[in-house]
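Quick one: the structure is below, and I'll ask about it shortly.
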Amino acid sequence: MALLELKGIDAFYARIQALHGVSLTVDRGEIVALIGSNGAGKTTTLRTISGLMHPAAGTITFDGRDISSTPPHRVVQLGICQAPEGRRLFQRLTVQDNLEMGAYSRRDRGGIRDSLEKVFTLFPRVKERRHQLAGTLSGGEQQMVAISRALMANPRALMLDEPSLGLAPLIVDTIFGIINEINSSGVPILLVEQNAVKALDVAHRAYVLETGTIVQSGPGKELAQSEEVQKAYLGI
Amino acid sequence: MNGNILEIRKVTKQFGGLVAVDDVAFAVRRGEIFALIGPNGAGKTTLFNCITGIYPPTMGSIYFDGRDISGSRPHQVAQMGIARTFQNIRLFPFMTALDNVKVGQHVRMKAKLWDAMLKTPRERKEEVRVRDRAYELLRYVGIERFADHYARNLPYGQQRRLEVARALATDPKLLLLDEPAAGFTPQEKVQLMKLVEKIVADGVTVFLIEHDMRVVMSISKRICVLDHGEEIALGPPDVVRSNQRVIEAYLGSQGGH
Amino acid sequence: MSSATVARPRPGPRRGRIRIGRFTLNLRDRDTVIYLALAIGALAFPTVADFVTGGAGGSIVLLAADAGVYVLLALGLNVVVGFAGLLDLGYAAFFAIGAYTYALMASGALFHTPLHHAIHIPFWLLLVVGVMIAATAGALLGAPTLRLRGDYLAIVTLGFGEIVPRVFRNAGDWTGGINGLSALDNPVLPYWVDGPWAGVGEQFGIVKDLIFSVANPTAWYVLMLILVGISVVMLNNLRKSRLGRAWMAIREDETAAQAMGINTVSTKLLAFAMGAATSGFAGCFYGAKLSLVSPENFQFQVSITILVMIVLGGMGSMPGVIVGSLTVYLILFKILPDAPNQVHSLLATTGFTAIDQPTGDWPGLGEFVSRLKFLLFGLILVTTMLLRPGGLIPSRAEIDVERAAKETSALGLEGAQG
Amino acid sequence: MDGSPAGTTQDSALAEKAEEVEDPAAIAARDQAWTEGLMAVRAGMVGNRWVRLLRWLVLGVVIVVLLLMARNIATHSQPLAYFLQTIVYGLGSGSLYALIALGYTMVYGIIELINFAHADVVTFGGFISLSVVTAFGFKEGVVNGPLILLALVPITAGTMLVCGLLNITIERVAYRPLRNAPRVSPLITAAGMSFVLEGLMFLWKGPVNNHYPDLIPTGQLTLIGTTVRIKDAVVVVLALLLVLALDTFVTKSKLGKAMRATAQDRDAASLMGIDINRTIAATFFIGAVLAGFAGTMYGLYFGNIVFDLGFATGLVAFTAAVLGGIGNIRGAALGGLCIGMFEAFWNSYFVSAWTQVMIFVILTLVLLFRPAGLLGMRVPDRT
Amino acid sequence: GGTTGGGSSKGTIVIASDYPASGGEASTGIPEQQAVAFAVSQHQTIKGFTIQYKPFDDAINGVHDPQKGAQNATTMAGDSSIVAMVGPNNSNVAKAMIPILAAVPLAMVSPANTNECLTKSFSYCNPAPSELRKGSTNNYFRIAGTDDQQGPAMAVYAHDTLKFTKAAIFSDNETFGKGVADNFQKKWTSLGGTVVVRNDYDAKNTSDFKTYINSAKSGGAQFVYIGATTGNKPCIFKAQMKGILDVPLTGPDGFALDPQCIKDAGDNATNIYGTTAGSDPVAGNDPNAKSTIDAYKKVYSKPTDIATYTFQSYDCAILLIDAIGRAIDANQNGDITTPVFSYYQSDPTNTATGGWKYLSSQGVTSSS
């Protein structure tokens, strides 16, 4: 059975239905990409999984447990962690405090310290700025902190919402390297990306979302060959 | 006055001990598309903020159209003809798209308090004009059908467009775009490039910050590269692309694109 | 593109519209309907009041005229809080300034000050002068607050609300001190204005000036109606104008507003000034009708009451604010004060007089109800807000927020992205 | 602004610029000042020139007031003793303000709500402990001496607990359902709750002043003509200890950090695994525990409680919180002490009818120069 | 106003009252109201007419509000069954009500208004009483001592009897309190006394009086004079004097004779001197008063049921009821104001305090 499974999810913002019967699965050890144009409902999908929104219909199961109506902090405690869209850092906390907040539901002090070291080696820039208030970082720096913060939770499953947004080309490469690296340590990743080329490249499997509906799915490499996908998302 | 619409003259911006922009000097020529690139935290947005009066520069001065604008307040800068969009979209979320654009025309309107209170014919005429122009701009960026929607309810891509329309509504001579293509699909990026080219063709100079090299390299005339607040390269795309320092500091493997 | 998810049909263009000359009334527009209902209600009110009370409607009509003072105040505060998004907790200060302006310039008061010369400016002129002075005061008091954002501004305005009445109280040489000023002039309408038809020949068969007095409730009522009418029209025009949009833009995002060329300083000042101007109207009317101003009556409670009115009615929405202020006024000035007497008479007619008798700790039901007033008012506030967080007649934006909030989650998590 | 045609303001601004030839060092120095808190709010304020002018003006006024005060202090018949005694009394009431201000600051810090009902919880606390004290028959002269402290400690603790529970209930009923409503809606329910609490206490204890027995053992220390009673010392020391404890708790403990995170971004906080409902409830609880303590102390220290005490006291305490920098614990404590001290000095040396006016004038001036309060800080509005 | 007929009795006559009956000011307002109710319950009929009582509340959000007072006055004016009213409690409410009720006319008798300018013409009075009535005949009467009497009386007492020379003077900065304190100070200085400190505190915002006490102490004050009403904490001032300054506290009847004051002062409730505008109903031993008070206490047994002006309010009601009787006798068609006035000239016997008697002999209550 899949680790994370969505079945027929409907979700609404006020009167607007953002998701129409979305079903997807993420298996242990997988990188799954979710691509789609703006407003397709990618972020909404992640919000629903995290419990920030509750689906109007359908079920979400994680590791065999129904989490459709679990509040977000419980979801995190179960091990699903998300680097949300728009960074959402704690602006008036320092970078270091932000990272520590990422490890909020962990109890192993030693492990936390290790994770911190690891994050610092991944992003030297973050280490350099660790005493600065998060709110004063540049856009890209904030993005790095947001990803680092998610890593600090040492999650069982990781969701990244447009991790490459606003990052310099060099850092984008780094990010995808990191994604691979984390995944190879056994953590499944659900990846939402505009940079479809890279996303499909690292993903084992991928889903294409259009106006709230999954229109296509399959192995990443395969989708990258698909004509519609190429036209719409790869810019070829 | 020369062909430069904007001159950055040795501008430095410090935050406490941190030098975000370090003695940068370059000029943007009238009618071109000029790009500012550089690694994250290089000081690009900070420079935009200095130009638009959100922060005063610590040292140096900024000339727009031959006038020193350093230290002017944001609304004065907008009045003079510099408009901008923001790295994190900043629309007026609970105003309709149409009203957002109308706000953009604020500086170009003349109605006084009494006109507004008494709804004088003058004011009414102006309102009609403003409304028509707003629709025109929405059409220009391709989101006319969203005119009645609250800005916050627009999809992300349309919000970016709306921000551009709102900026254009101020009748700028110079348009600053901060990462306009961030979060766009390739298709949308192409549309955006077309839009930018259209804007330039209509006589507005565009000065943009962007991390997507395909966008930057294909539309900009000249590029300035910042790293750690310092200017490390300046020139046409080809030159910049092959500059070793730029590749090391910024482009990495993507330099080839 | 996801246009399909958000596109919604635009309202039908022509149905439900009535054209009267240049104006079109759109009967499908909620606000228009409410305005219409309010206008009809207001016009019919004196007659209905008279009819219902069997010819003794005078005191109710006067009550309604007094309520108008609060309607004006609420409309003014709505400009500051609802339109421009500047939380003002000391609005009573401007009310006080308006009232004292009238009191000093339309009574013998200045004779007792170091000036030694009384000034008796006619009410009609003072309406204009009072508005100007209040607006200036608004701008002046607003000035130091302009650098502040959010609730820091609120607390400074709260400070003004505390300072102004105390200054009036302590500056006894000029303001009558704690005793306040009384015996203020009544407005007088010269006969040539109200026309020969108004007061034809009661005494000597000649026309005479129409004097506003307690004996003439309708005059006050009509005057108030006109003031409210003018304010509503002007403020509504403002809301839909360049300035109104600038206020809203500042409310939504100040930095972005600046980048659009809006001078936030002067725009905010104008919001304060317009808010204060409306309260200048209210202050003049209050002073003229009550013939008394005293520093005790512009305290924090008044500011809070006005704020409650606009929030309860629906902040930012003018019909909402009018309905809200009338409702709260009715509760505070009529229903709650009358409740004990109602209970008394109810018990008397139903024969349960026993529970109305005080015994030991029990003060009698009527008396008990009288003691409940504070509690009741509080409960009314809390429950109304819980039932309708956006107010009785919310503005369009708030309807949206509310819906989003409700549907986003039951957890109280934010729907919109920060 | 509508009055001025687009061109003129900008032209004159430029003209001004041209006249001013400032050397880079001066510009840099000015810039430094900006970064220290002022810069953040540059958007939305009057031009530099005006600020500088105002600054001098205000400085002038402040100096005049200080000189006047100095003169009054110096010309007093017993200058030193009187001065020191004023400090002692200022500290006493200041620390009570500080305690109450803490509750405002914490709640504001986490959900940006001016909790109008907070000071009524303080009053409520006072009434609870008063009732217990009366029920046990404690009175002046009946029980005295150090033993009374043995009884007061559990009574105070119990009061604190009851207040905490009350506040949690209020939060649950009146604020939580409105967490996503427009900002002012919870403000109105807070005002409503304040009325409800005052209404209840009105029914319970009537409209009159309620005498609170003076139970803290008498005894005093006199130095240089200045008297410090045990009462004064107890209030100040306990209040300061509590402030310190709370500050350490919020900056160091995990719950404290959760509070700060929740305050800044609720969604993100919940994505960190923080139970925001619990965190917010905890904040209300702690605020009210302090309120319970403050209420009891208030009664013991000032000797009376009245049902609508919260109204005026709350206003001052909230002012104190803002003065110190709302959301900031040390700021609230500092603000409370400042206001208590200022009141004491103004009442001692000047006309007290103007005390409240002066408090708000000072608040305005402080905010004019430090728009985020004495210890508050604000993150620049990043674009 | 006027009387209406019908029913088993000849008709019903309604007496109204206007007090702040909610919020903080209810501490005086509610007992005042109860006292009128009590008086009416004692005299349920007069000369064949039934008497009823209708209280009005002039407090909005817990603060007396002249606008509300004016509204109440208009309602009373419009209700033909109401013939007279007791109250109001606050002078500025009276100012708003007098012009309205003078035009009717409808008699008002206040137990508590002490502002001298309501009835007396001094040069500093703005407006003068006649201006306030706007040309109508006088309809306003009161039994409370005016501010220009109590203060000086205490000054004379402190100077002549207590032989003090140094006074510390405070007030609650409200109409009554500041008025008496000012008048005290005027007389005191004219008698040659020294004022070591004079300050007006903000009653709502002040809980801590120690700085004031300290200033009195360091100036060497021999006694403290506070112009205030009980609710404004003068006796808490006294309580806080404990252990710091051990001198007498003096003041007007606004607090000094109020039993609540003794409670407020706690174990420092000694050495309090007060003036009174009449004889003190509670402390005094007028047997007539005592029986009335005891009867009242039987119905209203809580300690908070008696506050300042409670029995003065009772007196006003009795006064009105008697006047109504005279009006009926004289068949004056409901004109109560004239009988009320004439009543002052005669000799009363049946009131609780007899306070107005004292006053009428001073000739201060009416300026007709």
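Per-chain numbering from 1; labels A, B, C, D and E assigned in written order.
Simple rule for what comes next: contacts are C-beta pairs under 8 Å (C-beta built on N, C-alpha and C of every residue); 3 or more make two chains touch, one makes a residue touch a chain.
Values in this document were obtained by computation on a predicted structure and should not be read as measured data.
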item: Set of chains whose contacts include both chain E and chain C; value: D
item: Contact-richer chain pair (by C-beta pairs counted) among C-D and B-C; value: C-D
item: Remotest chain, chain A as reference, centres from CA atoms; value: E
item: Intercentroid distance (Cα basis), chain C paired with chain B, Å; value: 43
item: Whole-Å gap separating chain D and chain E, where each centre is the average of the chain's CA atoms; value: 38
item: Whole-Å separation of chain centres (CA-atom averages), chain A against chain B; value: 30
item: Length of the line joining the C-alpha centres of chain A and chain D, rounded to whole Å; value: 42
item: Per-residue multi-chain contacts in chain C, two or more chains; value: 1-2, 5-6, 8, 166, 169, 242-243, 255, 258, 262-264, 270, 304, 371, 373-374, 377, 400-401, 404, 408, 411, 413, 415, 417-418
item: Two or more partner chains touched - positions in chain D; value: 2, 9, 43, 198, 202, 265, 267-268, 270, 276, 311, 315, 353, 356, 381-383
item: Set of chain E residues in contact with two or more other chains; value: 23, 26, 30, 62, 173, 202, 302
item: Residues on chain C engaged by chain D in the complex (per definition of touch); value: 81, 87, 143-152, 154-156, 158-160, 162-163, 166-167, 169-170, 242-243, 254-255, 258, 262-268, 270, 300, 304, 307-308, 311-312, 315, 371-382, 385-386, 389-391, 398, 401-402, 404-405, 408, 411-415, 417-418
item: Sites on chain B touched by chain C in the complex; value: 52-54, 73-75, 78-79, 83-84, 86, 90-95, 99, 102-104, 106-107, 109, 111, 113, 115-119, 123, 126-127, 130, 145-146, 148-150, 152-155, 157, 166, 169-170
item: Residue ranges of chain E in contact with chain C within the complex; value: 21-23, 26, 30, 33-34, 54-57, 60-68, 70-72, 74-75, 77-79, 91-92, 95-96, 99-100, 103, 115, 117, 124, 126-127, 131-132, 134, 173-175, 178, 202, 299-302
item: Chain C residues within the chain B interface of the complex; value: 1-3, 5-8, 10, 234, 237-238, 241-246, 248-249, 252-253, 255-264, 270, 397, 400-401, 416
item: Complex contacts: residues of chain D adjacent to chain E; value: 76-78, 81-82, 85-86, 89-90, 92-93, 139-141, 198, 202, 206-209, 211, 213-214, 218, 220, 227, 229, 298, 302-304, 306-309, 311-313, 315-316, 343-344, 347-348, 351-353, 355-356
